[in-house]
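Given below, in the form of C-alpha cells, are the structures.
In what comes next, chain A is part of two complexes: it sits with chain B in the first one and with chain C in the second one.
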Partner chain A sequence: MSAASTAGSVDAGPRRPAGRRKKRDDTRLALLFILPAGIGLLVFLVWPLLTGLYFSLTEYSILTPPKWVGLENYTTMLSDPVFWKSLRVTVLYVAINIGVQTVLALLIAVLMQRLTQSTWLRSLVLTPYLVSNVVAAIVFLWLLDSQLGIVNLLLQAVGFDPVSFWASETWVIPTVALVNVWRHMGYTALLLFAGLQSIPEQLYEAARTEGAGEIQLFRRITLPLLRPILALVLIMTVIGSFQVFDTISVTTQGGPSDASKVLQMYIYENAFGQYNFGYASALSVALLVILMIITFAQYFLTRAGQSDLD
Partner chain B sequence: MTRTTPSSSGRALTRRSVLGGTAALGAAAATGALTGCGGSAGASGTTQLDYWLWDANQLPGYSQAIDLFMQRNPDIDVRITQMGFDDYWTKITASFVAGAGPDVFTDHLGRYPEFLKLDVIVPLDDFAEIAEIPDDQYQPGLQELWTGQDGKRYGLPKDYDTIAIMYDAKALEEAGLAPKDLEGLDWNPEDGGSFEEVLRRLAKDTSGTRGDEKGFDPTSIARYALGADAGIDYTGQSTWSPFAFSTGWTFTDEKTWGTRFNYDDPDFQASLDWYFGLVDKGLLPPFGMFGDSSPAQSQIQGGKAAIALAGSWMIGTYANLEGVDLGIAPLPAGPVGHPVSMFNGLGDSISAQSEHQQEAARLVAFLGSDDAQEIIGRRAVVFPASDAGTAAASEAYESKGLDVSPYTDRVKRGETGLYPLVENAAEIMAIMQPAFDDLWMRKIKASEFTAYNDKVNKLFE
Partner chain C sequence: MTTTSAPAADGPRSTPLSPGASADGTGISAGPRTNGASAHRSPRSRRSGRTRRRLGPGRLLAWIVMIVILVITLFPFYWMLRTALSSNTALATDPTSLLPVGFSLGGFERVFGLQDVDTAVAQGGSGASITFWRYLLNTVIVATAITVVQTFSCAMAAYASSRLRWKGRETVFLVFLGAMMIPQIFTLLPNFILIKNLHLVDTLLGIMLPTLFISPFAIFFLRQFFNNISREVEEAALIDGASKVRVFFTLIIPISTAPLATLALLTYMTAWNEYFWSLMVSYTDSSRVLTVALAVFRAQSPNTGTDWAGLMAATLVAAAPMLILFALFAKRIVNSIGFSGIK
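The block that comes next holds the complex of A and B.
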C-alpha cells in the first residue's frame, strides 16, 4: 500500500505551483498535531520499552525494588532448555499458522475479486475477525472437546477414532494454529484484496487476448504485482503470530507436557506466576530481537519497499 | 488440587488452577482497578473493609457470618467480593501491585509462602484478638500449616479438607458389588491389593466384559473403574497422593517448609507407576481422554467411571449430581496399615497494604471463632477448622442423608499427610507438570522423576 502511494507522490512534487511569495513555516502547527500521538508513543511505547530493557537487567519481583544483576538473566536464558523448547514450539506455530493462513487468504482474496462484486459477501469474509480471540478459543475448545465436541462426534460417525485435539502433543499446536487461521484469514484476505484492486484491469485483458488461462493470469500477473502488499501482510501477520498468547492461555495453558508452551506463555508464567519479572523481561527482549531480525530479513528478501507496477 | 467447585467457575479444576490464573492480563488489570479501594472510610464514619473469597458455594455462609460480625461491630462495614478461582489469584497479584487489594482474603497453602516472601501479608500474632486464640481451637496440625518459618501465624485456619472415594451406588450394583465391598480394602504398590481387585470388577469394556474377566480389552473401555480430572499436578491432591502417602512417603524432608523433595523415593515412584499404570490396565482414563469439560464428577454422572477420589469440598457438587445415587467410601489402607488422606485447609490472611489492620484482625478473629465456624458448618459446604464447626457440618450433612465420616475419620485418627507447604511452589509446578503429563501419557517411568527432583531441589539451594 505504502509502496504504491510513494510512487504517486514522487512525481506530484515538482508540479506544485512554485509561485508563492514565501512558504509559511508550518513547523509549530505540525508539532501541535503530532503532540497527542507523540505523547501516546512516549508513554505507551518508548517508556515501557526502556523500563522493560532495564528490568531485564535486574532481579525484580514487582513488589520489591529491582536489584541490578547485569546480564545474568540473559545467560540464564541461553542455557534454559524450556526457553529453547518454547522457541521451537513458537516457530512451529508460526510456520503452520502463517503458511496455511496466507495460502487460504490469497485464495479468498482472488475469489473475492474474480467471482463476486457483492459487498455483502465480501464483508461476510471478515466476520470471524469480529469475534474476540478469547471467545473464538472457548468456542473451539468446546467444538473440539474429546468427549462432548461435535467435531469428534462427526469423526466417530464416519468411522474415525476421536482425536484429543487439545491434549495430544502432536495435535495441540496445529489445532491452536488452525483456530487462529480461522479467525484471521478473512482479515488477511481483505488486506490482500485491497492490493489486488490496485492491479490495473487492462493487464488482465491484454493477457486474456493473448490466450492466457486463469492459472497463468494468477502466476504471471497477480502474484508478481501483489508482491509488495503480500510482503507487508506477511510481515504484519508474522509479528502477530509470534505473539500468540490468549488462545493458548484460554485452552491449554501450555500443556500437555509443555507442548504448547509458546514464548509468550512462558513469559507470562515467569512474570505473573512466579513473580520473576526480571527474567520475564529478558525473555520479552529476546522476542523483540527475534521479531526485529525476522522483520528486517523479510523486508529485504521480499523487496517490500519496491513495486513492479512501474 | 483446588478448592473450587464447577458451579463457581466452569473451568475450576484445571491443572493450572492453583498456581497459574488463566485470566487475560488486561481483564485482570481492569477489574483490579474497578474493585480496588481497600480500606477506604465508609460513609457514616465507619471503617470499610474488603473481604475476598473465591468459592461461590461458601458465599451465603460467609455473608451470614459477616452480617453477624457487623451487628456486633457497628463501626466496621465489610464488603465481600467473590470471584472465580482462576481469576482470583491474577486479581490478587494485580491488586497488590496496584496497592489496592483487599484487607482480608481467603488464602491457599500453595500461595501464601510467596506472599510471605513478598511481604504482602502480615503476621497475625501481633494482634491481641488473634494472639489469644489457642492453636488447639482448630483440628490438630491445621494451625501448623499456616505458621511461617519464623514461628508466626500468617493465616488463621478457616476450614480443612480431606480425600475419600465417591461412587454411584447403581454402578456398584451393576458390577455385582455392594457399598460395603468398598470398605476395609487394602492397597500396595506391587499388585494393588484388594483395592485393585475391586477396580478390575468395576471396569467394563465396550463388549461388556468386566476387568476381572477373560477377554477384557483394556484399549476399548466403556466404563473406567477410577475417574480422574483433566490435570494431575505435583500435589496429586485427589489423585495419586493418598497412595503415595500410605506407603509412609512424605513430600519433603520436613513436615512443613521442607527444602528437599522426595520425588526420588522408591516408594513414591512405585506408587506412581502403579497409579498411572492403571491406564495400561484399562482402569484409569488415558491422558486427554477427558478434558476440562468432563471432570471426575461428570465421568461418574455419565457412567464413564465407576468411582473417583474426591476432596471434601466436592461433597456438595457430587450430592447434587442428577441421577447419581451417591455413596462415600474411605480410601484403601496402604502398607502403613491404614488409609492416608492429604490434609489441607484454607486460611484468612491480612494484607500488609491494609490501612485498617486492627479492624481486619477483629474480622479474622471473628471468622475463626466458634460462632462464625458453626454458621459456616451448618451450610454443609466445607468442614470448618474448629471442632464446633466440624460438628455442625457433620450434622448438616447427616440431615441431608450423607455420611461424611470417611472424610472426618482421617483427621480424627490422625491418618493424614500434609499438603506440601514450601517456598517456590509456582516454580515447582512448572518443573513437575511436564513430568506428570509424560508419566500419564505413558512416555516415561516414574524412576525418571529422580532427575526432575534434582531440578526441584536446586530451587532451594
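The block that comes next holds the complex of A and C.
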C-alpha cells in the first residue's frame, strides 16, 4: 500500500495542464465529509474512554450522580479475592482457548496449503464463524448436556463415565474454551492460510530436491516464515479471547461457584447486578491495562514487525 | 516491510460488541478482486502443479485429518436441524438416533408463537410467550441501519482522508486509526450511561447508535482502497468541471462497489451476531434482538427439562439468515480474509 499512497498524494506535477487546481484546498468539504464519522468517534469512542476513566474514580450507582472517591475502587480491587479469582479464571480460559485454537488453526491452514486451494473447503471451514456466540453456546449446551447430550452418550457408549461439562468446576472453563475454539478456529486458519500464500513455492521445491520431508519443511520453512503473521494473529486472538463474555453469559452465568466467572462477567455483574458502576469501571480499566501490557509484550517478544522473508 | 498495525490494533474494536469474538473482521484485506489494491499475489498461478500430485499415503492421511476436522466443524449444524425437527418426548427416549425422532414442527411453532400455552407445555415448552417474528424484525432493522449508515459515513471519512487536500488530514486519520486500539469492553459501560441519559435505553436507536456512524476499521479498510484508485481518472473528471462531491458519488463509489459490498456484508454479520451491548440496552420485546431473545428463551426452561426442540429451532431461525447470506457470497467473504498491510 505504501508506494501507491505516497506517490498519489503528491500534487499533480507540471505535466498536468490543470494548474488551477494544483493548490486547491478542500478543508471545508473535508470537514463536512468526516463530520458523521467524526461525531461518532468523539461521542461513542473518545468520550466514553474519558468518562470511563472518570467513573472508575467515583462511587456511582446510576440513580445518584457519581461521587468522587479517588483511588478507593482500585484499592478495593487489589484486596478483592473475587477479582483475583476471576483474573485466574480468565487467564486459564485464554491459555486453553488460544493454545488449542492456534494449533488446530495452524494444522488446518497447512493441510489446506498442501491439499487444495478450494474456496469450497475454505467456506466450510469458516461456517461456524458465521453464527453468533449465543447460537454456538446454546448448540453446545445441548451437544454437551449431561443426560441427553450426544457427546456424553458417545462417551458412555465407549465406556467412559458421563462428564458434566457445564456443571463441574474443573470442566467448565475447558468446555467454554473449546466451544469458542470451534467457532473461531476456521477464521484463524484462514488468516494463517493467507499468510502461507506469501511463502515462495520455490523454497519448498528446493528443500524437497534436497530430500527434506514434510515435517522438516514445516519446521524449517513454514514455521519461521509464517512467524510474523502468526505473531499478529496471536495478538489479535489473545485480545479477543480476554474479552470472553457471550458464551458464559448464556450458559453458566459464571457458575458453578464462580468457576467460570471471567473478568467480563464480573464487570457485568457489578454494573448490572449491583449497580456498582464505579467499581465496574475500575475493573474495566484493569482489563484495559492488562490487554495493553500483553499486546506490547507479545509484540516485542515475537518481533511481530519483522519478517524473515526479505 | 509495511507491517501495518491494522490487524493487530484492530482486534478490540472491529467486532464492536461481541467479546470473545473480538478478533472478528480483523486483518481483512480489500481482497484480490480489488484492482490489485492489496498485496495479494494470485495463489493459483503459483500452485497449479501441486493439486495434481498423486495420492500417496501421506496425502491420504492428510485428507482423513481434514475430513475429521470438517465433521467436527459441521456436525453441530446437522444436530441443530435434527433436534429442531424432533419432539421433546422422543428426544428423551431416543437421544442417539441420527435422524429426527418423533418428527414434529412443534419447536418452530413455539418459536413463532403459533402454539397455545397448553399445547406448548404439553410438548415440553415453557408456555411463555416468545415471538421470534418481532425479534427477527428488530434484528433486521438494527443490522440494516448500522450497515447502510456506517458504510456510507465511513466511506465519506475515508474519501476525505484519502483524496481531499486539507490541513490535518494525516492527524485526523491517525486519530481514527488510534481509535481501533480502544477495546470495546472499555466503552460499553460509559456508552450505556450515555444512552441512558439520552433516554434511549430499550429502544432500537439506542442499540444501533454507538456503531451507527463509526467503525475505525471500515475507514482504514476503505481508505486503503481509495488510495489505490488511479488519480488520472479523478483528475479528468475534475478538469471537466465536476465537483469533488460529484466525483465521490459518481466515480469513487461506483468504482468501489466490490470493497464496499464486502465491507457491508461483514458489518451486517457483525451487527446481526452482536450480543453484549444489546443485552445491556434492551429489556422488553420492543427492542429485543435475536441474540438476546435466544438467551431469554434458554433461561425460560420449564421445570420438566429444557425444551431442546424449541431451542434448536430458535437457534436455527437466528442463524439461518447469516448462513444463507454466506452461501450466496461465500467466495467474496472467504477471499476477504487475509492481511492487507503485510508484504
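As a working rule, the second predicted complex is superposed on the first by the 269 of 310 C-alpha atoms of A that agree within 3 Å, B and C clash if a C-alpha of one lies under 4 Å from a C-alpha of the other, contacts with A are read in each partner's own complex, and residues count from 1 in each chain.
Everything below uses one rule, namely that contacts are C-beta pairs under 8 Å (C-beta built on N, C-alpha and C of every residue); 3 or more make two chains touch, one makes a residue touch a chain.
Given the structure is predicted, the values throughout are model-derived calculations rather than measurements.
Participant: Does the superposition put A:Leu63 against chain B (first), chain C (second), both, or neither?
Facilitator: After superposition on chain A, A:Leu63 lies in contact with chain B alone.
Participant: Which of the two, chain B or chain C, is in touch with more residues of chain A?
Facilitator: C
Participant: One more residue to check, A:Leu41. First (chain B), second (chain C), both or neither?
Facilitator: After superposing on A, A:Leu41 lies in contact with chain C but is clear of chain B.
Participant: May I ask you to decide whether A:Ala297 touches chain B, chain C, both, or neither, giving the answer as first, second, both or neither?
Facilitator: neither
Participant: With both complexes superposed on chain A, which partner does A:Gly186 reach: first (chain B), second (chain C), both or neither?
Facilitator: Second partner only, chain C.
Participant: Scan A:Leu111 for contacts with chain B and chain C and give back first, second, both or neither.
Facilitator: A:Leu111 contacts chain C only, not chain B.
Participant: Quick check on the superposed pair: does A:Val289 touch chain B, chain C, both, or neither? Answer first, second, both or neither.
Facilitator: Neither partner.
Participant: Name the contact category of A:Pro228: first (chain B only), second (chain C only), both, or neither.
Facilitator: second
Participant: Of the two partner chains, chain B (first) and chain C (second), which one does A:Val134 touch, if any: first, second, both, or neither?
Facilitator: Once the two structures are laid over each other on A, A:Val134 reaches both partners.
Participant: Tell me which partner A:Gly273 touches in the superposition: chain B (first), chain C (second), both or neither.
Facilitator: Touch partner of A:Gly273: chain B, not chain C.
Participant: So which bits of chain A does chain B touch that chain C touches too?
Facilitator: 62, 134, 141-142, 145, 148, 246, 249-250, 272
Participant: List the residues on chain A that touch chain B in their complex, please.
Facilitator: 61-64, 82, 134, 141-142, 145-148, 164, 166-169, 246, 249-250, 253-258, 268-269, 272-275
Participant: Name, in rising order, each residue of chain A that touches chain C in their complex.
Facilitator: On the chain A side, the touching residues are 1-2, 4-5, 8, 12, 16-18, 21, 24-27, 29-31, 33-34, 36-41, 43-49, 51-52, 55, 62, 104, 107-108, 111-112, 114-117, 119, 121-136, 138-143, 145, 148, 150, 153-154, 157, 180, 182-184, 186-188, 190-191, 194-195, 197-198, 200-201, 214, 228-229, 232-233, 235-237, 239-241, 243-247, 249-250, 264, 267, 271-272, 277, 280-281, 284-285, 287-288, 291, 295, 299, 304-305, 307, 310.
Participant: Along chain B, where are the residues that touch chain A in the complex?
Facilitator: 14-16, 19-22, 24-25, 90, 93, 96-97, 114, 118-120, 230-231, 287-294, 304, 426-427, 430, 433-434, 437-438, 441, 443
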